[in-house]
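Each of the next two complexes has subunit A plus one other chain: subunit B in the first, subunit C in the second.
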Partner chain A sequence: MVSRRGLVTGPFGIALLVLALLPRWTSDYHVSVVLDVLMWVAVTESWIILSGYTGYISLGHSAFFGLGAYIMAMTWPQLPFLLGIVLAGVLSSVFALTIGLVVFRVRGPYFVILTLGLTEFILHVVVNLEIKLGGTVGRILMSAPSLATLYYAMLATAAAAVVTAYVVKNSRFGAGLFSLKEDEKAASALGVNTTLQKWAAYGISAFFPGVVGAIMALRHSYIDPYNAFDPMVSFQVIVMAFLGGMEEVEGAVVGAVLLTLVSEALWASYPYYYMIILGVIMIVTVKFMPLGLVAPFKGRLLARAADGSGAGA
Partner chain B sequence: MLELLRISKIFGGVQALVDVDFNVKKGEIAGLIGANGAGKTTLFSVITGFHAPTAGSVHFKGENVTGWKPYEICRKGLVRTFQVVRPFPRMTVLRNVAIGKLYGKVRLRDEKRAEREAYEILEFVGLVHKAHVAAAGLTMADRKRLELARSLATEPELLLLDEVLAGLTPAETVEAMNLVREINQRLGITIFMVEHVMKAVVGLCDRIMALHYGCKIAEGTPREIAGNPAVIEAYLGEELEI
Partner chain C sequence: MDLTRILQVLFSGLIIGGIYALIAVGLNMIYGTMRLLNIAHGEVIMLGAYVTFWLYTLYGISPLVSVVAVMGLSAALGALICRWIFFPVISTSKSVAVLESNSLLIFYGLSIIFTNISSLLWTTDARGYSYLTEVVHVLGVPLMKNRLWALGLSFFVCVFFYVLLQKTMLGKAIRALIQDKDASLLVGVNPDAIYYFSFSMSFALAGLAGCLLSMFYEMTPFMGMPYTITAFIVIVLGGLGNVLGSLLGGILLGLVETVGVSLTSPGWRPILSYALFILIIVLRPRGIFGKGVY
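Coming up: the complex of A and B.
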């Protein structure tokens, strides 16, 4: 019988292997589509670490994405690629930890609006800085690494995000996050330092969008504040997380894959339909399967695995 | 073990607590009575760090803990239950209790061990048959037991019980009273309890303090309290049934 660990790591390992070999088999077009999918997997996984596990819904993850993109734009090509993306992630976390000292003073809808507002604020700061410094708002990134390099970097980022979300969820730290999501006052009465927990989750959560932003800046080889800090990134991440299940590591993957493929099919020719579909998916998910696509299947599978190992022992 | 020195608390224009002095001694069961709005729950919230007192100080195990955060006070060994119970509704009962083991005074690192020890506590409070049920599905009596179990999981030295008997049937009340007595005698945990059910207060407590509109009007043994004119005055209209 399959153990719980086997059930978790088996498919993950196989998927990783297939994805690693992908550039050998397919065209650049397919590789770039999968690159997009991996980008959303990484951002959605990081989003659930904060918002899925604590219930503090962030509508501001595009800020970290944009920040990462700008850090890459400013350091490329003086810094080596790997150093640049790690730096983007680290500075993104540092930024989150800084604003994290303030943003958790509010909760519920106020937190959602505050994170959205902060992103808009940063966007306008960057626009004004760029005009002051360079006279224009766009930046071109010359001599970007090959598609394959960017692809492997994104694959590693997505894999790291999945592993991080999994480890956090199953750790003592994760138990604390889930307890404060359920009842913050009760959690603090039982010894959970809720302020520290949320703050740390925010810092972890901001790392991956920073890295992803840096990689995507090189992928597009041109950035301006409006596409780097596009609030659509934040909206899309939320729909992906809700669709798959915002407390499930697998859910973030399922949501990201499904929605990226839908967008790939529709975005180019029918952009407005895509926006409508996004809205419809959001409403249907919240109304009819608030736990997302994955949760019902997963409960059953894990129960069976647990029974199996019990019978074997 | 717990010393309250001239605690006052003002909410806007309302003086919820006025210069309250009280000591809880190690090993005893102390009671706190008073009509609705007398400031009982406010006093508990001040002791456990949910509200800062406007004046006065709280000392626990000889240390001034005034202004400490609830989680810091919990880790020092002082924990409260809530009058309106606050389980983590979507977690299983076992998981609820394990949180106390992981984050309370003991701060276990090992999740397996936390769940094993949580299981022992569920056995103690008689909730083991519900271990794998989501807390949202419990009856009121079981929620009260869970609230107790979760507090015990933090391994407190002093436990503040905020009306754990309220809303229970007479039979459940007797069971819960026995449980409180066992927590005190078998586990050696000092207890400070708010209670409306006079029979329970008198039956359980070694010493009682009575609050009225935020002021301490009496302190003494159950017998002294029951005969105290100020207490009778404050409770006028309610039956003092012993």
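Coming up: the complex of A and C.
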């Protein structure tokens, strides 16, 4: 009988293998679509590590994405590609840990709007700095690595994000994070170091958008503050996480895949309709299925697996 | 700086401050009574601006007349959203924390929907019209008539609201509901009626602000978010749930901003306001007036 571990690692391994072989089979167009899907998977997984698990909803993940993009723009091509993206991730984490000293002093709606305000603040600071330093706002990145290189980098990032979200969820650390959502005071009374846990989750969570931003800067070979710090990045991530179920590692993948495909069909020709659909999905999900798409199926699947092993024994 | 220059800065501060007060009072009413934080508030302002623009350029209706229609339409939109979206969500949310996060996400969705509907209807190019641009001198300061109207109307509505909240039964019921929901139910406050009232008033005030702003600023579908953030700054300054604090906070922020910009440069305006916002929320999350001014 399939164990619970097998249920998780089996499909993950097969998916990874198929994705790794994909560039050999298909056209550049399909590779770049999958690259987009993987990008959203990585960012959404990172978002649920903080917001899905702890309930501290961040509307500011685009800040880390933009930061990563700018770190790449400033270091490319002086630094090698791999070093550049790792640096982007690490600095983005360091930045999160630094502002984390302050943002977790507030909670609930204050936290939510603070993350939104901070992102806008960073955007305007970058706009003003760029005008002062360079005279113009945009930057062009020359001689980017090949599509395949970027694709494998993104695949590795997405896989790492999924594994991290999974490991965190099933660890003692993850249990601590979930306890924050249930009742922060009670958790702290039981000896969970709530401040440290939120802070650590924020740092981990910021790493992936930083890396993804760096890769995407090279992918588009042009960045300006408005597209790097686009608040739509934060919004899409939240819709994806909610659609799949914000506590589910698989949910983030499902949400990211579904919405990226919808976006692929609509975004180029009907961007406004696409955004309206996203808004409607957001409202409908919150109103009618607050647990998301995955949780009900998963519950049934796990129940059946448990039944099966019971009958076999 | 000579006296005229100082007076000019003061006037601009009061004009924009009056509008900030309108926006913030509306936002704070919904938060105070229902614990819903409307991040689509700025988008209602944007819709109000576009409707005024439409009525003026297509039918030649003066913004000072269409303000009534805009407020009515916004109020109706608010009541509908309250009825169709928030009553069900309020009744199914298990705790205040869940309600707060769910409502934020729903409003986030609404803001995206409004922005993109406007992009479809009016394109993303900046639109504007000129109306009452004659200059009059007040205390030696040259001011356009449309700004004087905005100043007069926003202060009139602010005073009206102050009286409504302080002196009438309705105002007392609203404040009672904000202070202590259970106790206000015991003394016979009908919460559903107040929820409807808060929603439609809040939206009407946002529509009014949009109407006034459209007389002297250009509009785009993306103009809403900065105003939402500004309104947050104001209500955090004045205290979340503290409606009167918002009136004072709005005028204060308008003055601080105009003085700040006149000392630096317009490019700094967003940086100054966001920095102020972050400082206040981190250092004084209960607002600068604390719990004093109810």
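Keep this in mind: the second predicted complex is superposed on the first by the 306 of 313 C-alpha atoms of A that agree within 3 Å, B and C clash if a C-alpha of one lies under 4 Å from a C-alpha of the other, contacts with A are read in each partner's own complex, and residues count from 1 in each chain.
We adopt the following convention: contacts are C-beta pairs under 8 Å (C-beta built on N, C-alpha and C of every residue); 3 or more make two chains touch, one makes a residue touch a chain.
Treat the numbers as computed from the prediction; the structure is a model and nothing was measured.
Chemist: With both complexes superposed on chain A, which partner does A:R172 reach: first (subunit B), second (subunit C), both or neither?
Modeler: After superposing on A, A:R172 lies in contact with subunit B but is clear of subunit C.
Chemist: Return first, second, both or neither, reflecting whether A:I57 touches subunit B, subunit C, both chains, or no partner chain.
Modeler: second
Chemist: Quick one: classify A:L190 as touching subunit B (first), subunit C (second), both or neither.
Modeler: A:L190 contacts subunit B only, not subunit C.
Chemist: More residues of subunit A are touched by which chain, subunit B or subunit C?
Modeler: Touched residues of subunit A are more numerous for C.
Chemist: Now for A:E182: first (subunit B), second (subunit C), both, or neither, which partner does it touch?
Modeler: The first partner, subunit B, only.
Chemist: So, A:W267: does it touch subunit B (first), subunit C (second), both, or neither?
Modeler: neither
Chemist: According to the stated criteria, A:K287 is in contact with first (subunit B), second (subunit C), both, or neither; which is it?
Modeler: In the superposition, A:K287 touches subunit C alone.
Chemist: Looking at the overlay, does A:V112 come into contact with subunit B only (first), subunit C only (second), both, or neither?
Modeler: In the superposed model, A:V112 contacts subunit C only, not subunit B.
Chemist: What part of subunit A is shared between its subunit B contacts and its subunit C contacts?
Modeler: None.
Chemist: Which of the residues in subunit C come into contact with subunit A in the complex?
Modeler: Its residues touching subunit A are 31, 37, 39, 85, 88-89, 97, 100-102, 104-106, 108-113, 115-117, 119-120, 225-226, 229, 232, 236, 240, 267-268, 270-271, 274-275, 277-278, 281-282, 285.
Chemist: Considering the complex alone, what residue numbers of subunit B touch subunit A?
Modeler: Subunit B reaches subunit A through residues 48, 50, 69-71, 74-75, 79-80, 82, 86-91, 95, 98-100, 102-105, 107, 109, 111, 150-151, 153-154.
Chemist: In their complex, what parts of subunit A are in touch with subunit C?
Modeler: 55, 57, 59, 102-103, 105-106, 108-110, 112-114, 116-118, 120-121, 124-125, 128, 131, 231, 235, 238-239, 242, 271-273, 275-276, 278-283, 286-287, 290
Chemist: Going by the contact rule set out above, which residues of subunit A touch subunit B in the complex?
Modeler: 172, 175-176, 178-179, 182-183, 185-194
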